[in-house]
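See the structures that follow.
One chain, chain A, appears in both complexes that follow, with chain B as partner in the first and chain C in the second.
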Partner chain A sequence: MNCIEVKNITKNYGRTCALDNVSLCFEENKIYGLLGRNGAGKSTLLNVITNRIFADSGEVFVDGQPIEGNDAALGKLYLMSEKTNYPEKMKVKHAFSWSKNFYPGFDAAYAASLAEKFELDTNKMIKSLSTGYNSIFKLIIALSVNTPYVLLDEPVLGLDANHRELFYRILLEKYSEHPCTIIISTHLIEEVSGLIENVIIIKKSKIIKDESCEELLSQGYTVSGSASNVDTYISNQNVLGADTIGGLKSAYILGTRNTEIPEGIEISKLDLQKLFIKLTN
Partner chain B sequence: MQINFNSDKTIFIQIAEGIEDAILSGAFSEESQIPSITEFSVTYKINPATALKGINILVDNDIVYKKRGLGMFVATGAKEKLKEKRKDQFYDSYIVGLLAEAKRLNLSEEDIKTMIERGYEQ
Partner chain C sequence: MNIKASYHYQFEDHKKSILIFYFVLTCVYLLMLVSMSAVVYSTDNGVSTGSIGGMDISTLIYVFIAGLCAFRESFGMLLQNGISRKTLFAGRILTVLTIGLILPVLDRILIVVMRLLNQLSGTNIRFASLFEQVYSLKIIGMSQFSIIIYSYLLDLFLYISMMTLGYMITLIFYRLNNAGRIVVGAGVPITFFILLPTFDSMFMNGRISSSLLKCIDTSFGFSAQQPLNAMITSVCMFLVCSCLSWLLIRRANIKG
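After this line comes the complex of A and B, so read on.
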């Protein structure tokens, strides 16, 4: 089966453990959301997958082939990372033309059309781009390389709301027409919750959730009502947290819902962002 | 048509119901083409698999059908079929909630009937 397989990856930085025996599988043609708090290990994972940093132990396979020293396997991956790996003094348009040499599938005409949509001046030097436009520059390359696996680390960093909206639309258009595997690591969970098919939550260097977004959301719910009613209802349940205001209480639960809802209790949905906050607190 | 990400209803159900509403209101007429999976996906910023899942509910119920290579179309008789379905759901969708609120407010059966009559008079 075509996939990225991460097997028992461990990575330490000195005494700090960044990834602790992580195993995962990214299936073909799905959009993944890689969620985690600052320092949880998201970027380390993406960098290990693309062989930019080396794990202490464990292996990564792309379509069954180990990535280590394997140009053919690595050529199937593209990582848009926080770092800009192009020479600072290079002009945007030259970066586009150079990309073709590294990624034969790079579509220069498509990149130029995206630059126009985002109003990115391709005659500018990369170092003179603002934070937002630096992200846009890197995004355009990521959307134009046409590799079967595209990894996006914080793709919308510094983008204004209009540009973020435009990016999500272009991403979905591209994905609908030419499906590929997309892994998005982001803190803007609400914005991607509809986009992603599978969600992976990483907490303190360990994977705590790896399942379909719909499946995960169906397990979380909020119980609200008077504190005493809520407390009775939630005993024996997996309570992630609760908020109280006056005599009212809202509890956040992970588990299957009871079909019988007693009077005075209201059950509502727990959205992905809230669920994430409760799981990673 | 709006998708509410905070709704208790899953997104694919909202897509299916949104299309149903559009058929009932006449915005999507019978034998006319409905937007593609990509259009739904891009417009509402949802995964194409989610949009497909919603539309497949309608395909399974013969509300919408696929024409190979052309797209998806509203079936003849879809509007009537949906009206019947909504009528069946009317009690659960509206009356149950209405009675629950009436009970909380101590409104009698007579009070409710009077209000309904008032609604018809206006």
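After this line comes the complex of A and C, so read on.
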């Protein structure tokens, strides 16, 4: 089966454990959300997968091939990381042309069209780009390399709302035209919740959830209504959290819902961000 | 393996600095030629002779610095673009060999051009390569062709060894933590330039220094006027530095 297989990866930085015996499988042509709090180990995991750093133990396989020292396997991955690894004095247009050298599938015309859409000046040096445009520059390459696996670590860092929306739209267009595995590591859970099919949650260097978004959200539900009605309804439930505005209240419940729904109570889907906060607190 | 892309990128990375270096070098030599000609003519109307020797020493220093600066950026760029450390290193060796083959040719051309300009200007300024300068007794009776070949080979081996030495030093510093960098950065010069000479003069009666000098002399064949010794030493240095560089690079992580 074509997938990225992570087997028993452990990585320590001195006395700090970044990944603790992590095993995962990223299947082909799916969009994954890699979620976790700051320092949970998301970036470390992505860096280990792409062999930028070495794990203390464990292995990573891409389509059955070990990643370590393997150009064929590495060539199937592209990681857009928070850190810019392109030479600072290189111009954006030159970075695009070098990408074509390394990734034969790189679509230079598509990259140029994206640069136009995002209003990225390709004659600029990488070091002169703002934080947002630096992210855009890396995103354009990630969207144009046409590798079977694209890993995005904080892809919308520094992007304004307009550019974020544009990026999500382009990502979905790209995915529907050329399906590939996309792994998005982000803190903006609400924004990506509509995009991702599978959710992986890392907490303190361990994987605590690895399932489809739908499955995960079906483990609970949201109850809304007047505060008194909601309070009565949730009295014996496993409550993840609640929001109150005036006399109205929304509570997030983990567990299967009662078949009988009292009058004045409305039931809706669980919110991924609320679930994430509860699970990682 | 994607060696072609790795080699292409690493060689291109040096191309611009090589062009700038030779442009500056040519300007410096022209300036020296003009100023020396002016001095020679102003003193005795061109009868005196001048000498500019060891012209390729500046290239030797350049390749060492180029080696020092070659790692960090290309390591990040190549790993970002799906190149393994093995392929990166293979591309590096090919780049060093290519530069080692090209630069001595440029040096020879520069020396020939300067000699021609010297003839045209009618001055008696002698332009000598490192080989002609260091192995001055060896070249007596040698044909011009043999001198060029010897100079080329000596430069080739010296350049690849110095470039790899610079690369290895950068790698050592890259792999060390902050404390290690301070220990090595300060410890090595202090040991070799302060502690060792002091210990040698106080307790060994200069025997360590003389042994070291003798070792360097034999390795490079200075007294024996044997350039072959220098070539063999350089090749050994290139091989040792390359092996150590590979050991350092094969488990290097991207930092930051």
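Just so it is clear, the second predicted complex is superposed on the first by the 239 of 281 C-alpha atoms of A that agree within 3 Å, B and C clash if a C-alpha of one lies under 4 Å from a C-alpha of the other, contacts with A are read in each partner's own complex, and residues count from 1 in each chain.
Here is the rule we use: contacts are C-beta pairs under 8 Å (C-beta built on N, C-alpha and C of every residue); 3 or more make two chains touch, one makes a residue touch a chain.
Values in this document were obtained by computation on a predicted structure and should not be read as measured data.
Peer 1: After aligning the two structures on chain A, examine chain B and chain C and state clash or fit.
Peer 2: Once chain A is superposed (C-alpha atoms), there is room for both chain B and chain C without a clash.
Peer 1: Once the structures are superposed on A, label A:G58 by its partner contacts, choosing first (chain B), second (chain C), both or neither.
Peer 2: neither
Peer 1: After superposition on the shared chain, which partner residues are touched by A:K83: those of chain B (first), chain C (second), both, or neither?
Peer 2: Second partner only.
Peer 1: Just chain B (first), just chain C (second), both, or neither: which does A:I196 touch?
Peer 2: In the superposed model, A:I196 contacts chain B only, not chain C.
Peer 1: A:G158 in the overlay: touching chain B, chain C, both, or neither? Say first, second, both or neither.
Peer 2: Neither partner.
Peer 1: What angle, in steps of 10 degrees, lies at chain A between chain B and chain C when each chain is taken as its C-alpha centre?
Peer 2: 150
Peer 1: Looking at the overlay, does A:P66 come into contact with chain B only (first), chain C only (second), both, or neither?
Peer 2: Neither chain B nor chain C is touched by A:P66.
Peer 1: A:D271 in the overlay: touching chain B, chain C, both, or neither? Say first, second, both or neither.
Peer 2: Once the two structures are laid over each other on A, A:D271 reaches chain B alone.
Peer 1: Mind working out whether A:E214 is in touch with chain B, chain C, both or neither, as first, second, both or neither?
Peer 2: A:E214: touches chain B, not chain C.
Peer 1: Would you give the minimum C-alpha distance from chain B to chain C, in Å, for the three-chain superposition?
Peer 2: The answer for the closest chain B-chain C C-alpha pair is 28 Å.
Peer 1: Return the residues of chain A at which the contacts from chain B and from chain C coincide.
Peer 2: In the superposed arrangement, which is not itself an observed complex, chain A uses no residue for both chain B and chain C.
Peer 1: So in the complex, the part of chain C that touches chain A is made up of which residues?
Peer 2: Against chain A, chain C makes touches at 1-2, 5, 8-9, 73, 76-77, 79-87, 250-251, 253-254, 256.
Peer 1: Where on chain A is chain C touching in the complex?
Peer 2: 47, 50-54, 68-71, 74-79, 81, 83, 85-87, 98-99, 101-103, 147
Peer 1: Write out the stretch or stretches of chain A touching chain B in their complex.
Peer 2: 31, 165, 168-169, 172-173, 175-177, 190-191, 193-197, 214, 217-218, 267-269, 271
Peer 1: Can you name the residues of chain B that touch chain A in the complex?
Peer 2: Answer in residue numbers: 3, 5-8, 10-11, 37-38, 41-42, 44-50.
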